[in-house]
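Every chain is named by a letter (A, B and C) in the order it is written, and numbering of its residues begins at 1.
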Amino acid sequence: MSVPKDLRYTRDHEWVRLDAEEATVGITAYAADQLGDIVFVELPDEGQRLDQARPFGVVESVKAVSDLFAPVSGEVVAINAALAAGPELVNSDPYGDGWMIRVRVADASQLDELLDGEAYDALVAAG
Amino acid sequence: MSVTGPRLQPTLFERSRPGRGGGKIPHPPKDALDRLPAEARRTTPPALPEMNEPDVVRHYVNLSQLNFAIDTGFYPLGSCTMKFNPKLNEWAARLPGFANLHPLTPDEAAQGTLQLLWELEGALAEISGMQAVSLQPAAGAQGELTGILMIRAYHRSRGDTDRDEVLVPDSSHGTNPATASMAGFRTITVRSAADGGVDIEAFKAALGPRTAAVMITNPSTLGLFESRIGELLEAVHAAGALAYMDGANLNAILGRFKPGEVGFDVMHFNVHKTFSTPHGGGGPGAGPVGVGEALVPFLPTPRVLRDDDGAFRLERHGERPTSIGRLRSFVGNTGVLVRAYTYIRAHGASGLREVSDDAVLAANYLKHRLAGTFDVPYDRPCKHEFVASAASLKARTGVRTLDIAKRLIDFGFHPPTIYFPLIVEEGMLIEPTETESVETLDAFAEALITIAAEAEATPETVKSAPQTAPVKRLDEAAAARHPNLRWRPMAGAEVPCPD
Amino acid sequence: MPYGPHTSADREHMLSTLGLASVDELFADIPADLRASALDLPDPEPELELAARLQALAGRNRTDLVSFLGAGVYRHWSPPAVDQLLLRGEWYTAYTPYQPEVSQGTLQSIYEYESLLGELVDLDVVSASHYDGAAATAEAALMACRATRRERVLVSRGVHPHYRQTLATYFGGDLELDEVPLHSDGDAAGTTDLAALERMLADPDRAVAGVIAANPDFLGLIEPMRRIGELAHAAGALFVAVIEPVSLAVLAPPGAYGADIAAGEGQPLGIPPQYGGPYLGVLASTDALVRQIPGRLVGMTTDLDGQRAFVMTLRAREQDIRRDKAASNICTNQALLALAASIYLADIGPHGLRDVAAIGAARAAELETALAGVGVARLHPGPYLNEFAIRVPGARSVHRKLLERGVLAGLVLADIEPDDPNLADGLLVCATEVTTPAEIVQFAETLDGVLEGRPPVGVEAGAGEDSQTAASVGSAR
């Protein structure tokens, strides 16, 4: 299972897509699969400030729970409200409709510290 | 649908018919509530079901038959100690002199229960090697909170206010870190050593001036005795910290190991595990705590005291200002404690030691019977429970431990504890207890061996289990995504009522 | 060992299978210097002798007294169906329903409990269940702190003293707890001082997470719950109502006056007093707080065949999964007591429950009249349901003299609230449907005798202390 190559990844299995100054954040298909059926996503409020590598939310499956870590610092400008009624979107379309938050990025150079698609594939392959 | 087998039932609400019931309570005078102000009155009566007693009785008898229970079969649930619940215990707790006693009855009118509690405290102190015992905590988890709050009070009493960390091994019960958080501590998780034991060196490295306590389960949640515990306790005390013992696994060591004698400062007892009080489908329990000398001043209030004239009494409010206070209302789950007392008196010193001897012998026997079929990651004598793993079987067949657990239901057994502790892949934690016969142990081993063979030959049989239970596997994701937590006629109508 | 199945041949068989000569070899991993000293406990006791010992102990408890004691635990008629059904082994010897396929009985009964209590409190989510009213109230306070991300809770002094003490223990760390005083005189004496509450809520530097008040309050009085809730909400705090479930058949429920959380003691729903527990902690909330509520929740779902079925849900809040980030450390709950409450409610029914509450109120009014007849008045003027405080000079000594005469005259308030001068001469007394008119007369006459300095009449003291039959007192539990 190979990941989209136009995204950046954290070692904690978040992905980030940068469009101008705004970054969209979600979790990878691998992470969603490992968690199993996702039943709830706890997201920050719009306007909240995030610090890179600090927890910004929680994702719950039937029998597991995992913190979400911010891939970049910045301000939350949007959250995916559809996840409240449809958390299963994270399983069915992790890189599309299952996105979680949009962040106004404070320092785009932080993305350089993240993994590219090949490096993330290697991380997953190494288990 | 079978005529005689267990059947799914409509809810109480679906059975309700307006006008049914009555005859239990005399009618009150019409003006009984007139002196209440109108704004304090309820305007819409609660929509409780209206039923007659025969329907109520059938509802609950039929529902009960959908349950597995100790009284119906073998529960090899690791870390839960599902032993037989003696019927004498139930009889004793229902004696009117015990059951009808109000908890605020003056001491002089409650001497029988106070004496029982005082004797039980003494017996638990003797079993654990502790100096004193509080019977107040309502369950093991509340006992843990009590212990950690006492440790916090101890450090504060010495002006030692920087200690904000609690160390736990990665194999610990979830209640340990949850308790530490509740008491305002940060949890530091320490990895287990390769042999499954606590990693003494890692613990020593993590100990420091910020360590308030370490929480250890011994035997561990893998069923292994921590042989180097003496060394660890020395290091803990040298660092100025205190040692908490999670007593969940006491059933393995009665008469063999007294935590208080080797330097543990506090421990809790799960009387619904070790001392046979029934689990009740999830509770009630009771979680007495025993403490060493350092923590006696901080015990919760009220303690049960014996005055010089031999009379028993409860400690008065404010009598011992060093106490951490109370954790709940009244003295404790006395009805549960009567059962534990009965069990301890029935066994005596020799019987309790035999309990552990037989529990450990049965666990080792069962482990031996399964060793050829399943992985046994820690191949040394276990205590009252052991971990087996289906990792190799899964690699060959795709059949998971969860599937094996569900297939056991078709063989008439309750599944063991699975995927705990988290550090063993595809783990099954199996605890036979001392009250299961050799025939039962053999039958259980044969069932697991048969299921392993099925996994190789017809894996779908195992993956689709259970077939014989009242329901198939459930849609747990839907339950959590769109919670239906309360009966509403409209919500219930979406899923047809049985029958 | 009384309940062990193993014969010496069985043990021999297991040992030889393991290649061992003695079970001691299985304990060789306990180092010699860590081995226990001999257990110093009595010898095993045969069932017959143990039963006699237990009967003797139970017989030393004075459950034969004519009792007017409530104060958080109430005697009620519990239909025999409740205990007979609880004694089925499939209920009381079952484990927590982690395996839903073989636990549908327990799971459906918990779902029904959530639904029944939801009707009583008029809130969406009922957690099943907590240790007792005090622990449930403490969990409610912690919930309010989590939900509002604030760290200060206000609790009315009208909340049961044991609950307030429990809150203080739970809040001993970083959280703040302040007590709201009661009016000391006037028409509202004994109820929460609303002006004081408003002042305490107004402190801009110490935002309040939740306000806790009880109805009826500890002194039996009706509180202005709607007004307390409005004040709490105006300050951005949640409102926690401490309730007594039988009273909710006739009193406005928390959902109707805007409470966010309800907590309380479920013991009155068919559970015997048994000197302190096990009881039933009731905890309920609005839907908005479903992710914050601790304890077990069971939901309705379907199985693979589409059959309706029940399962534990929202489990990721719990300690076994979330560990140090769990909503609470609760693991064991009070499932069997929740079952007792459900059977009680189903068997007694909505009309029966209303009658229980109404007769209690009627008997309490009779008690007030009878006591007034011997010159003993209430301590507070406000309305009450079935419990009230009376003023008796020398309350503690009078209470003891009444006890010697076979009457348990409620609770000496100075014993439980020693620091409150308003309660120094108070006795807290209650009546329920099991209180008889004859008992009320006996209380009033005996009290009159004590106050007049008459010596006790021999026959009034009831049966001897060791009499098991006297302790049965028929129906009352």
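Convention: a contact is a pair of C-beta atoms (placed from the backbone, for glycine too) under 8 Å apart; a residue touches a chain by one contact, two chains touch by 3 or more.
All of these numbers come straight from a predicted model, not from anything done at the bench.
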Chain separated most widely from chain B, comparing mean CA positions: A
Winner on C-beta contact pairs when B-C is weighed against A-B: B-C
Central subunit by CA centre of mass proxy: B
Chain A and chain C: spacing of chain centres that average the CA atoms, whole Å: 45
Chain centre separation in whole Å, for chain C relative to chain B (CA means): 20
Between chain A and chain B, centroid-to-centroid distance (C-alpha), Å: 37
Numbers and ranges of chain C residues touching at least 2 other chains: 314-316, 321-322, 325
Junction residues of chain B - those touching two or more other chains: 476, 480
Contacts with 2+ other chains: residues of chain A: 39-40, 60-63
Of chain A, residues touching chain B in the complex: 36-37, 39-40, 60-63, 86-88
Residues on chain B engaged by chain A in the complex (per definition of touch): 476-477, 480-481
Complex contact set, residues of chain C against chain A: 291, 314-316, 321-322, 325
